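Structure in structure tokens, see below.
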Amino acid sequence: MNVKENKSKSVDPQTERYERGWEQLKKIDGEAGERVIQSLQEVAPDLGRYVIEFAFGDIYSREGLSLQQRQLVTLSSLTTQGGCEPQLTVHLNAALNVGLSTREIVEAIMHCAPYTGFPRVLNAIQTAKRVFEERNLV
Amino acid sequence: MNVKENKSKSVDPQTERYERGWEQLKKIDGEAGERVIQSLQEVAPDLGRYVIEFAFGDIYSREGLSLQQRQLVTLSSLTTQGGCEPQLTVHLNAALNVGLSTREIVEAIMHCAPYTGFPRVLNAIQTAKRVFEERNLV
Amino acid sequence: MNVKENKSKSVDPQTERYERGWEQLKKIDGEAGERVIQSLQEVAPDLGRYVIEFAFGDIYSREGLSLQQRQLVTLSSLTTQGGCEPQLTVHLNAALNVGLSTREIVEAIMHCAPYTGFPRVLNAIQTAKRVFEERNLV
Amino acid sequence: MNVKENKSKSVDPQTERYERGWEQLKKIDGEAGERVIQSLQEVAPDLGRYVIEFAFGDIYSREGLSLQQRQLVTLSSLTTQGGCEPQLTVHLNAALNVGLSTREIVEAIMHCAPYTGFPRVLNAIQTAKRVFEERNLV
Amino acid sequence: MNVKENKSKSVDPQTERYERGWEQLKKIDGEAGERVIQSLQEVAPDLGRYVIEFAFGDIYSREGLSLQQRQLVTLSSLTTQGGCEPQLTVHLNAALNVGLSTREIVEAIMHCAPYTGFPRVLNAIQTAKRVFEERNLV
Amino acid sequence: MNVKENKSKSVDPQTERYERGWEQLKKIDGEAGERVIQSLQEVAPDLGRYVIEFAFGDIYSREGLSLQQRQLVTLSSLTTQGGCEPQLTVHLNAALNVGLSTREIVEAIMHCAPYTGFPRVLNAIQTAKRVFEERNLV
């Protein structure tokens, strides 16, 4: 497995999609997103490429929902799945980056309580608390 | 188990919360929501009461997110959990009732694909298709 | 795959465990349990054998919890998992067979609401309602 | 978000339900439960209130099942969900507080193995081991 | 939403990836896969396109695992998730199409029992039984 | 609960099955597997016995799939469930022990992305990265 595998993709017809995804990822997730992709370079560089191309180049780049609406959907999906604290941390930051308030984020997580139960909601709120503290928002 | 158990609650201090929840449920879920509560009268009337009081009287009645935002969160949670087709049917109708477009609903479900995978998203889209057809929206 | 594969096991030292499990399954699940095992004969007879030996011969035969306590744990696990309506149907009958009341069964399912959310609890209650109706208990 | 939001609820008609829930939570979960509620004061005080009111004031206060039976159901639900180690720690302590023996707790977790598989059961047993060690029970 | 949305993609640089995916999908899933894509044309044509491009054009087209190995991984993932019977039906047919025997398929599903428990395994086996019967393999 | 409970089983007719399982566990999981069993001696020795007897003595000892095929199925099931990092660590080592390459392991985990979504796949890849680093394979 070769770190350069990722780079070599930049000359094929996928380029535009990759670059659109990369711009979206940097705008939405910021440095935390870049670190996730970087952490994959050694063992699964193509997985990082798929995250960029599919999750950001395809899905996040679609029209029909605002980025704030998309982050509400993402927070709900990650809260409901459980066991996704690293991804929730990235997307809590993303939610703040695209302009959701701490109040809206807390409300979105709490709104999941009747659907997925308190344990997953409590875990997501504790993750949110840590993110808010790191950004001096509480 | 007694159908009247539910009624007898209407004289205690919970009344306001129950009535606020019932108004919200009727506004958001419409007749489909009422049918769910009705179907519980025989074996678990208090469960219907808790759905009204907690899910609608407490959570849906909160400020901080619009009803449209709350439905996006609900659709994402139900899509992600899987196996919740009856509840998804109710809340797809609810999403339309509070003003989300079919496009926004489809986008919200599709947005879950990178987080929860295609199978749960495909199942949710088929459920959406049936709801749209029943309402002559496709 | 051969239906007789199952029978041929009856001469090895596992016999006692298999027979203990089969007695437990018949006592707890009744005919519904036997039908599950029968339905596996054609494609996966050993799976039926493992259900008998491990789930019933090993686990259900243990001391330390009464059969009623074990059914409460089973109902909670199946309610929480979701998508297990066939198994829930068998084990709702089993719960009645070992002496839990309809009230205790409904309470056990409802007790899961704060932990796993309303959708899975509503699905389990509807399954319970069908089982109670079949046995003329509502 | 204001820590006092929680207090201000104590004058509305919900008082009785909140206080009943708070007494139950202290009796069942002890200090560990109080710490969970306390940890929510800064970012989501109402979530703590809902846990008290709905999980403890409504559900745990119901008749129809003993507290020991309710803890068996809770342990099964949390074991089956997976990823709920913090909540499992609180409720393992609660199980001991309401009089379940370490043997009954271990049996209840092990009973989930045929339903939810060994990985979630192994994780729950390791959490139980830590709780038992903290209380000098092994 | 426009059925032609899908076609219009065939002129952009994605063409090769889409066509590679479409060939793979037809080879692996056969008509069942085509029907899934077709069923999405009315409400979510792009979702069908993403299944073709990402699941088949990107992932299934990779080297490093044989198609038989990939189907074992797919069957395990769908069995473990639960609630994915429609997708499992497609991929049980796919497993047969790429040369796995009914015995290997049954073994792969049964192998999940210690990891995900009997209920999801029993549901997957019943789905396999129906597929085998439709193809006159039992 | 008595550590000797486990030993005493070695004289009953289960012996052969237990010993076959123990040999399989040592061959497949190596010392990591033995440590899991050892860690259960104090609170749930029979759980360790069931892992040996059922997971390894019954399931892993079956014919019909090679050990490499079985490990692909196991990795997929554990990746898809989520929250099973300790078990995934043991079975990533097992996958290497039975001859799967790091490339095949990474491909198997990545193959789950369209089925279970990126978050669970990213968590499994990070666990694989740690295992590969410990064995100096990256």
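When the chains are written out, they are named A, B, C, D, E and F in that same order, and each has its own residue count from 1.
Keep in mind that, in the parts below, contacts are C-beta pairs under 8 Å (C-beta built on N, C-alpha and C of every residue); 3 or more make two chains touch, one makes a residue touch a chain.
Predicted model only: the values in this text are computed from it and were never measured.
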Shared chain contacts [subunit B and subunit C, defined touch]: A, D, E, F
Chain pair repeating D-F, as identified from B-C, A-B or C-F when over half of the contact pairs by residue number coincide: B-C
Same or different residue numbers at the subunit B/subunit E copy interface, by half rule: different
Averaged-CA centre spacing for the pair subunit E and subunit D, given as whole angstrom: 40
Geometric centre distance via CA averages, subunit E-subunit A, whole Å: 26
Intercentroid distance (Cα basis), subunit E paired with subunit C, Å: 31
Multi-partner residues of subunit E (each touching 2 or more other chains): 46, 50-51, 54-55, 62, 78, 81-83, 87, 103, 106, 110, 112-119
Touching residues on subunit E, where the partner in the complex is subunit A: 13-17, 46, 50, 54, 58, 62
Subunit E - residues contacting subunit B, complex: 1, 36, 39-40, 42-44, 46-47, 50-51, 55, 78, 81-84, 86-87
Sites on subunit D touched by subunit E in the complex: 112-119
Contact footprint of subunit D on subunit C as seen in their complex: 51, 54-55, 59, 62, 64-65, 69-70, 72-81, 87, 103-104, 106-108, 110-116
Of subunit A, residues touching subunit D in the complex: 82-83, 102-103, 106, 109-110, 113, 117-123, 125-126, 128-129, 132, 138
